[in-house]
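Multiple structures are listed underneath, in structure tokens.
Across the two complexes that follow, subunit A remains constant while its partner is subunit B and subsequently subunit C.
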Partner chain A sequence: MNAVSGAARFSHRFEGLRERLPGARLPWLTALRDGAAATFATLGFPTRRAEAWKYTDLAPIGDAGFDEPLTLLEGSVALPPAGAARAVFVDGRFRADLATLDGLAFSARSLAGALDEVEGPLGALAQPARDAMAALNTMLFEDGLLIDVQDGVDGGVLELLSVATASERPQAFHPRHLIRLGRGASLTIIETAMGTAGAAYLHNPVFEIGLEEDARLTHGRLQQESRAGFHLSTIYARVAGGAVYDNFTLNAGARLVRNEIHVALTGPKGACHMNGAQLIGDGQHADTATVLDHAAPDCASRQTYKTVLAGRARGVFQGRIHVHQAAQRTDGYQMNQALLLSEDAEMDSKPQLEIYADDVKCSHGATVGALDADQMFYLRARGIPEPAAKAMLVEAFLIEAVEQLPEGLLRERLTDAIAGWWQGQEAAA
Partner chain B sequence: MLKIDNLSATVDGKAILNGISLEVPNGEIHAIMGPNGSGKSTLSYVLAGRDGYEVTGGSATFNGQDLLAMEPEGRAAAGLFLAFQYPVELPGVGNANFLRTALNSIRKNRGEPELDAMQFLKVARARMAALSMPEDMLKRGVNVGFSGGEKKRNEVLQMALLQPKLAILDETDSGLDIDALKIVADGVNAQRGENFSALVITHYQRLLDYIVPDRVHVLVKGRIVKSGGPEVALELEKDGYASVQEAA
Partner chain C sequence: MAAVTETIDTVNAVNDGGYKYGFSTDIEMEFAPKGLNEDTVRYISAQKNEPEWLLEWRLRAFAVWKTMEEPRWSSAKYPPIDYQDAYYYAAPKEKIGPKSLDEVDPELLRTYEKLGIPLREQEWLAGVQPEGRMPVAVDAVFDSVSVATSYKDRLAKEGIIFCPISEAVQEHPELVRKYLGSVVPQGDNFFAALNSAVFTDGSFVYIPKGVRCPMELSTYFRINAKSTGQFERTLIIADVGSQVSYLEGCTAPMRDENQLHAAVVELVALDDASIKYSTVQNWYPGDANGKGGIYNFVTKRAACRGKRSKVSWTQVETGSAITWKYPSCILQGEDSVGEFYSVAIANNWQQADTGTKMIHIGARTKSTIVSKGISAGQGQNTYRGLVRISPRAKGARNFTQCDSLLIGDKCGAHTVPYIENRCMTAKTEHEATTSRIAEDQLFYCRQRGLSQEEAVGMIVNGFCREVLKELPMEFAVEAQKLLQISLEGSVG
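Our next item is the complex of A and B:
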């Protein structure tokens, strides 16, 4: 079966679910979904002929034959311990019984229960007409998290946990998360995506994030899906003047992952940090694609991505920076480095700079290399066994990206996740 | 302690060591001198187990164990230590973490309990003070941005912490100022005893004023062409390598 008929299956699924999807009685939403469905029917899944998808083949998703779960799972699920207020999604559905959102300084709720309030904001940033994954999400989303932090409020830390359970038929879920931070507001989101070991599913979240003047969002993402799972996420963030969007993404799980991050810096002195680590082993494919629009003057952007590949892993990084003519005195930096732990691993990277302003500081770089033999020998000559020596050098390779995060829960979670990944590699070796 | 017998080795098919025989008994310090490119570092790498060298003949045993059959970390665990001529920089690896991991690896092998961060810090501080090393060198990346002399001191610090049975010091004196030379020599002399031997590779007689060797060997073109007492170094200082080179 090819990707086209795989896409047709999602379209068919939409036909069947159309009347039953949340918000089906809202004309504006139905129109939005129908429009997205029409786009998706035309576009299908992106193929490798599309420049932005040159290195990632979605055919396995089309082949897998996913179903959207129709019923809300009520049973108990094993959850990792919470470190802060937490919103929990099981198979893409908000679980009020598992959430700890009382007493927050801001509002965080299930989107499915608040759809009559989001006409306008929903779909304001995502581009289903251009982007097949956003179209797929728009036509089929059933729930998501709706976050609103009022002007000047410090929201503290919120955990967003997505758990996928095992099911007979592979499931697909397409949560839609809407996040707004008012002027001068701040929030840290620690998002964890995980699934029952061995479970095959498609997790296809779309985020629409609006940051008003001087707001600050730290968005940490720990993607630790089941090794048989698929994770396709698309983030659209609009950053107003003086605001900061800080994204850190760890890609450690899933059989295939694509993280697409679109950030638009729309007001002066805004900033965007997109950092991440991809840790992938045999049979995994991880693709990070950033699309950054510098649309206003005096903004700064920093990107540091590190990919560690073991076995027959395949890594991709594509980073596009578009500096508009108005974006004078832009300060942009992009660094993408890969460490190959095996000769069978492969890394593709493609920076893309389009600069239309004349007073701009923009630099980028990419490296791909293996562990340094001299460094390995130096460590081993000091009595450090080979696996531990490797672990030290891998950690050293990642540190530059990890250090971008301030000390705190997010950084702890990340270091734990990295250690966990490494132990998994050792056990597999 | 160390017994090298007719050892030959090639690098990329090129013969570098051409039948070296050398014995360092327990408690003795031997010096190796020789012109640039004569194979001194190659010998030290072959003994420490670096990849890329093919041993084409002979043997090397360390306290009766076949050294050449062991992994580098096994050799270190058995008590061999190489102070590198060119210490390697490890950006992103903190010096303290590196030293503690190395020390604990060795201690584990000796059946000694591992040191926690506090215990380690205490030991390291004492050793660093003895070597006049500023404490902030613990916080920096291993050898990253260290001056030439600081790198050499960091090598000696590692030796002092790991307490090897046999230390190979490959030009540890190069790049050291006069005061540092004395400090480093004191560090080596402090280890001297029944259970410590050293192979000191140097170009300068001056180091041997401070670390007085039991024997001096002259290596030329991968072969030991002359061995004797400390006076050999003095003769070389006076006459250069011309006379011994003819012999080779």
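Our next item is the complex of A and C:
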């Protein structure tokens, strides 16, 4: 089966589920889903002929033949220890029994139970008409997290955990998360996506994030899906004047991952930080695509992405910075670097600047290379065995991205995840 | 900088100055019937008295072209081109096989004189030529037919072949047949296929084994007749251990209709050979409202086939309404080297989408890319480039630097590099910056008594220095002047 018939399978699934999807009685939502379904039927899965998908082939998704789960899994699920308030999704559905959301300074709840409140915000930022993955999510989403932080409130830290279980038939789930931070509000989200080892599934979350003036969202993401899983996530964020969106993404799991982030800086003096690390092992494919719209003056953006590739790994980084004519005095910086640890690895980079304003300072850099032989020699000469020396240099390579995060729970989680990945690599070798 | 004033100034400057080379020469021309079909291809081939194999080669290209779709992926925007509404062959009617310059139509010579082409060697030696430097041999192309070639005898002594490609087809068919289309195959892309079908002339260069070409080779292209597309085909072969530096300069007269230029340039460098290919392109860019101007859709590619071979592309692109070209290097030979140095200016409504492709195949191959883009007025300037490292290219190395300069807030500067690395021991580095002329730099220059325009000229020349210094002397001077002329009035 190819990607096209794979897409048809999702369309058929939608036809079957249409009346049973959450919010089926809301005319506006039905219209939204029907529109998305029509778009998806036309577009299908993006192919490599589309410039944005030049290096990533989604045909394996069509081959896998995923189905949306019909019933809610209610059994117990093994969860990692919690470090803060937590919302838990199992196979894409909110599990109230596993959540610890009481006593929060802000509102966080299941989207499925609050659909009659989100007419307008839902679909305001995502672009199902243009983007096939957003269309797929819009037509089939069943749940998600709805977060609303009132003006001036510091929401502290919230964990958003997604767990996929193994099932007889490969499952697909398309959660939709809506996040709004009022003026001057702040929040840290630690999002973890994981799955039962060996489970094949498709996790296709879409985030719509609205930050009002001077709000600040730190969005840490640890993608540690099952090595047989597919993770296609799309984030749309709109950042108002003076607000800051700080995103850090670790890609360590999944067989195929596409991590797409669209950020629009729409008010003066807004800022966006997009940093990340991709740790890609044998048989994995990871693609990070960022699109940054500088639509207002005096905004700043910083991006640092580091990719480490081992075995038969394929890494992709595409980063586009679009500076509109109004965005004078933009300060944009982007760096992406990749370390090839194996003869069979491949890294494709496409940094991109598109600039229509003259008073700007924009730069990007991209490097791809192996471990430095001199550095290796230096460490070996001091009696450090090769694996340890290698680990040390890889850690040093990644630290520039990791250091962008403040000390705290997120950074700890991230450091642990990186160490875990490296141990896994060594064990495999 | 006030955007409106600046635009008005730009418009005025262009109207005042006009296009220096915008004139056309009235010479009796011989045209192929308008339009493009198999008969056009046969007509061109027959006019050139070509052997059967070449006609078949052209017809194959035409057959492929018919199945192809015009590419649309560049950032350039332009109305659809009607390929049937153009002449594909125009030759000066006077049938000439000039033995010396005296035989050349004086009207033609006057045209070149206006352009300042150093066709007359004496003038050249007396005027521009600095002492002790070797003279330049010129093969002038006047609307598709090469009319005069100088220094031929001198080159012949060294065994160097430098002649119009149509002549090479007659005199050196074995070389042409072996290499034509070996770097850019007929079906390579839409415009290359079109060129393969209808190319009328161009230059052919062969440097024999171990020969270092004693002078710079030079070709001037001009598009003169109304509505003739220009389809040159250039083929340069540097045999084992040889060296050559080739200059290509372009100017075109003013025309209202957009004219298509789809040239193909193929370079082949064998073991230890080195080719330096320099271009100054100053075709008519259209008027200040974006009307007219040349569409410059060119395929240029070099095959570094031999070990330790080297190809260096240097280009200064100041003209054309649309420039769309990517001079590339296929680095097959071990230790071969590819270089690309480029300055591209997009002023008024000009659009430039240019860059390079460096395909690393051989071990320890090296490439360097330095691109300087300048946007002013409503100009759009895009650097688009590919660096691909194949798994076999152990120890390959690439360094890329793309800098963009913006003058005015109506223009755009874009950078689209593709980096594909499939070899662990290879190393690629890419950096790009975009900025405008800093106020403090301007202030510094103004404070020392330079006018605003002189200051900008100086800063722009400094910005482009890394590229300009790669040009042969004669071109470097011309290029600096061109930069200044191209940007006149863009800073208010």
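Operating definition for what follows: the second predicted complex is superposed on the first by the 429 of 429 C-alpha atoms of A that agree within 3 Å, B and C clash if a C-alpha of one lies under 4 Å from a C-alpha of the other, contacts with A are read in each partner's own complex, and residues count from 1 in each chain.
What we mean here is this: contacts are C-beta pairs under 8 Å (C-beta built on N, C-alpha and C of every residue); 3 or more make two chains touch, one makes a residue touch a chain.
Model, not experiment: these values are computed from the prediction.
By the document's definition of touching, of the two partners only subunit B reaches A:F377; subunit C does not. In the superposed model, A:A78 lies in contact with neither subunit B nor subunit C. Looking at the shared chain after the overlay, A:A427 reaches neither subunit B nor subunit C. By the touch criterion defined above, A:A388 reaches subunit B but does not reach subunit C. Touched residues of subunit A, counted separately for subunit B and subunit C, are more numerous for C. Here subunit A touches subunit B in the complex through residues 373-375, 377-386, 388-389, 392-393, 395-397, 399-400, going by the rule given at the top.
The touching residues of subunit C, counted against subunit A in their complex, run 1, 73, 391, 404, 406-436.
For subunit A in complex with subunit C, the touching residues are 51, 325, 328, 338, 340-343, 345-370.
Residues 48-52, 71-73, 75-77, 82, 84, 87-88, 90-93, 97-98, 101-102, 105-106, 109, 158, 162 of subunit B are the ones touching subunit A in the complex.
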